[in-house]
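The structures considered in this document are given below.
Each of the next two complexes has subunit A plus one other chain: subunit B in the first, subunit C in the second.
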Partner chain A sequence: MSETRFKTLRDVPLEEYLAPGNPLCAGCGATPVLRMFLKALEGRAVFVNAAGCFTLLHVYPYTPFKSSWMYTAFASAPAGAQGIRDALDILIEKGKIQPEEDIKVVCFTGDGAAYDIGLQSTSGAIERGLDFYYLVYDNEAYSNTGFQKSGATPYAASTATTLPTKLQREGHTGSKKDLFEIWRSHKPPYVATIAPSHIVDMLRKIESASKYRGPKLFISFTPCPTGWYHDTSESIRISKLAVECGVWPLKEAIYGEVKHTYTPRVLKPVEEYLKTQGRYKHLFHPQRQEHVIKAIQENIYQYWRRVAETEKLDIIIPSV
Partner chain B sequence: MRDVKTVTSNVSAVEMMRVEMLTGNVAAAWAARLADVDYIPAYPITPQTEIIETLAKWIGEGVMKAKLVQLESEHSMLTAAGTASLTGARVFTATSSQGLFYGFEMLYNISGWRAPLVLVNVSRGVAAPVTLEPDHNDVLAARDSGFLQFHAETCQDVLDLVLLAYRVSEDRRVRLPSIVNMDGFYLSFTREPVHLPSQETVEEFLPPYIPTLPFRASRPVVKGASVLGGHIYTYFKHNIHESMRRAIEVFEEASKHYAELTGRVHEPVEGFKLEDAEYVLVMSNSFTTMGKRAVLRLRERGVPAGLVKIVMYRPFPSAQLAELLKNRKAVAVLDQNISLGMGGIMYQEVAGALYHQRNRPEKLMSVIGGLGGKYISLEEFEYVFNVLQHPEGRDPSTPLFLFRKDELEGVRKALGLAGLGGG
Partner chain C sequence: MANSQINSFILYLKIRAKAYIYKTRHPSFGCGVWSPMLKIRFHGRGGQGVKTSSRILGRAAFLDGFVAQDSPIYGAERRGAPVISFTRISKTPITERGFIFDPDIVIVMDETLLNDWLARPLDGVKKGGAVFVNAQPGFPPPEGHDDKFFITYDLTGRALEILGKPIISSPSAAAAAKITGLITKSSVLEATADELAELDLKDELLEKNIQLAAEVYDAIPSPVINTEESGSITREISPLDYEPVTYEEVIHLDIANLGNSALRRTGNWRIFKPVVDPEKCTGCMVCIIYCPDSCITLNENNKAVIDYDNCKGCMICLRECPLRAISSVREVRVYA
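And then the complex of A and B:
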């Protein structure tokens, strides 16, 4: 990422493609990410959506969008992207439309679609080498239906279907799928994680991905005040904490080669992150569930120890 | 093409046409080729697979300019078909049975998007039990989806109906997708002589597809937006319904043009030996050929028998059907499907179409046969006409199931081998 037009926040393009005022929650972590994607792609894109919160971005006859949009279905947004991409290609090839009319195709879904019901369709699109972007806003649950657990829900999170009870005190007993690795195993040209608190990192990644033909996949950390139970003003701070505590590593993989794009010098204790959200409240009240907090922490340290070793990173990891 | 004999027709057609011996599957592929389709999203399933294999071969050889992409499921296949159509490509796709069901929710989306693609369904019974041979429970499940439906009796019909389907679907007064149905095995793998219209003829018949507000850089557009409020939802659904109803006259108009160019006439419902017919059988798809033979045999014996074939199943040509059936003594509707717990699906619709007619037939009987490709013999057809003439003692409220003694024997034997029924 040596030559980039994004060095500081000052380099964020001024042109807006997402009008203020839409039916989504205030403080939603996905809105700034979508806004940046639109800026980076200069609005010349069609966003292919699957069922989720952002499906309600367009409620007939209103739209806050200055770009194109296609709502498909829950399971098949990548296939919807395939149809548009292929049609544009063949119509240009047959001389039925001008090449200037070409647009980029972006699949834009939540984690329910990306991690669960649409995973098969995504796998197919990557295997076929479809030239598209996939942006998943990962708020770690099915929030549009009232915050039930998804394949992206992390261990110990409380959701509408993994409520902490006397019998199951830690909440969700499973752990989050590693979508980055699932995608990476297909060896697409570009996979990255991003976060709304790290705009420059995000813009650089979109810029860097744009150089490649084929699948370009992004997983965005997405604070969700409605499901995570935090104040709407806290979203960006929580995103920053997730990165600083090592919960959400910022990384990219080019043709499968992983590189972390931001390394916290000292990992902050995960507790700082957990305490910001109501979905982890049961870990601290009425009693502290020490073993659960420790397990979460150890998991993070393990991850970073491995990364520090393979990527030769200078990072201070306390021992638990 | 291997195995395919090419001859020049000297029949009295309007133009000189090539006649080839084609399976229903290859006839469908030819229709797509002649229609100069741009995009073919595909997924294999028996008995449809030969269609996509044929198209893939032609594209590979460069005799056809289109993009064929094999998706990872029918759900994805139909999604890609829909969005490609909205982008301005003429889209062709095909499936069968389980595949149609796997992609089912997309059918409603595609019609709601007003994407005028053509889907060929090669009928096959629906699991469980899993089978390969045809009945119409697969295609009829899609009857409420907003797809026009055309049902083919012959391989020639397959070709003609696909071309007609594009013309009607893409017409601005309709702008809805179509399903063209053919029976698995009986048509899909059976060679029949098929007249192939020339490319010029098809071009004259089928104007280029002009999409409505496709995805282009110069003009952002939102498609598939959600609606809140039943009134807006109702408006859009009613809108589709109206376009659907208009499709009958658009089809008749297109069909007239097609007949001028090719000499072949297709109607939403077609009568056979109806002039003075008192006993009429209503049916559809490939077994109709057998039904017609039965009618001819009965005619030889002086029975005033006739037949009505339903070609267009959606929109349902109620008025045309009622017109053909008025004043008949007794009518049987043969359903190659079963709405479990109710009976024949088409029977209900025919009954509904006749209810308000003044001179509706005196008797209307439901017959169910041909499930899972079970053969319907001439004797069974004759039996149906026999019951129509002598209904005494039969409860008209229950369907007549066609099942032969020898078939029952076969079932008994199988049950015995399975250790059931005591042999």
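And then the complex of A and C:
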């Protein structure tokens, strides 16, 4: 990442590739990521969209895109991308389009498709070395259908299917799948986590990924005002807090080698992050569930202790 | 005439006959409402509490000894998009299901919906029916609907004052209940408490909701709805004659225009609008970058300009502006 055209927010391209007026929720945390993605790719892309919130970007007869868009079933976005990539390759080989006219193939899926339903087809696409981009907008549940639990739902979050009850007062009892590690174990050229609040970091990652041929995968943190029960104006602030509290580490892995691109100097207590969202309300109200908060905090500290050790980072981690 | 049509026509006659018998036996039923059933349709935007208000009304009617039915319908869109819900109130069991095409009462929870070609809240309202519009004082009733009662009240304004949130489920239900002329205040308040308690509201907020519902119930007049004349469905069904469409015409449609979503005008979704103070704005681009809807651009003087046609009013720009150059102003519109 030595040579980059993105150094500050002023380097963000002004050219707009996503028209206003899409029917997603006000304050959606995914659309800033999508906009930046399009800016970084300079709009020269064809999109493959698995079922999810982004399906609604394109409700007939309106579209916010200025390029092509294909809609696939939940499980098959990478398969759709494979078909488009092959078609483009054949057209180039036959000389029907010039290599410099080539466009990029980009998959957009939500966490439901990426973590659960489409996991195997993505695994297959990475294994085949398909040259494509994959962007997951991870809002930690199936929010398009009413916020049911997905494989990405973190411990203690309340969703439509993991409501806190008398017997299970903490809400969701399982923990979030580590999709980054699942994908990294395939050793693809590029895997990274991004967050809508850290735009320069995101643009740099997309830029450095474009140097590689093969699967380029991005997992984006996505605050969801509708499902997380926070004010629409808080989306970016929550994303910032998630990074500062260490909940959402910003990292990249090139051919399986992990590097953290942003490390908070001092980890903020996770409580600050949890308190911003209604889906964690049951941890504080009516009674404070100290052991649950402590468990979440300890999990984060454990992660960062390991990172500090392996990457020789200077992070101040308080002892619990 | 197809067999099913004959059947449904016979059923219709039966219902009318039954209703007539009912009317003659119970002249006091419905305070002058001649109908086997009172149909109420709520129009609002996702997040306003449209579904909850129809539930509150249904429960209140049930508490008063009526048979009630309520159901919402959503499109393939979300918060901010038009939502409809239905309540049917009757003294006898309700056999009708589905959409209400010919409501006696329509509750419009967002005035901008009156001009929305997809929501069309005034479609099919019976002659002599009542239309409630949540609008600020001085709202002119729409033209061509002189045969209906128009009642307005600034629910959003009161909700913002009392609850601090633009959620108007309980006051809309209270307004609808008062307009029916059938449902008592105590039932409305009890239903509000029951329904909102199911949603796990804090006690403090619950009390404020009840206060607001009581206030609205008292403030709304109770018009005598007389929808007797129309009787059957008054909705105009457009005839099915069409001309063949050519390929060229199809291609000229919006589908061929890329990035045409700006025509949707999602600006109608917002209740507060962000306003940039050009004195303070330095053109630092932070709002432009974080705007989820690409609604902010820089003008020739290097100041942020907001596209109010499509800004949904999420206020991320206000929150993120490092110079606090953006303020929030209550939106005042008539049929935007």
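The rule we apply is simple: the second predicted complex is superposed on the first by the 315 of 320 C-alpha atoms of A that agree within 3 Å, B and C clash if a C-alpha of one lies under 4 Å from a C-alpha of the other, contacts with A are read in each partner's own complex, and residues count from 1 in each chain.
Throughout what follows, a residue touches a chain if its C-beta (ideal position, glycine included) is under 8 Å from a C-beta of that chain, and two chains touch if they have at least 3 such contacts.
This is a predicted model, so every value here is computed, not measured.
In the superposed model, A:70 makes contact with subunit B only, not with subunit C. Contacts of A:168 after superposition on the shared chain: neither subunit B nor subunit C is touched. Judged by the touch definition given at the top, the superposed model places A:236 against subunit C, while subunit B stays out of reach. Residue contacts after overlaying the shared chain place A:185 against neither subunit B nor subunit C. By the touch criterion defined above, A:46 reaches subunit B but does not reach subunit C.
Judged by the touch definition given at the top, the superposed model places A:59 against both subunit B and subunit C. Using the contact criterion defined above for the overlaid structures, shared-chain residue A:101 touches subunit B, although it does not reach subunit C.
By the touch criterion defined above, A:27 lies against subunit C but remains apart from subunit B after alignment on the C-alpha atoms of chain A.
Shared interface residues of subunit A (contacting subunit B in one complex, subunit C in the other): 55-56, 59-61, 63, 65-67. Residue ranges of subunit A in contact with subunit B, taken from their complex: 43-44, 46, 48-49, 55-56, 58-61, 63, 65-73, 75-76, 78-84, 86-91, 93-94, 96-97, 100-103, 120-121, 123-124, 127-128.
Contacts from subunit B toward subunit A in the complex involve residues 38-39, 41, 65-67, 69, 71-73, 75-77, 79-89, 91, 105-106, 109, 215-218, 220-228, 232. If you check the complex, the residues on subunit C that touch subunit A are 47, 76-81, 253-255, 258-266, 269-270, 284-286, 288-295, 297-298, 307, 309-316, 318-320.
Residues of subunit A that touch subunit C in their complex: 9-10, 12, 14, 16, 18-32, 35-36, 55-57, 59-67, 196-197, 199, 225-226, 231-237.
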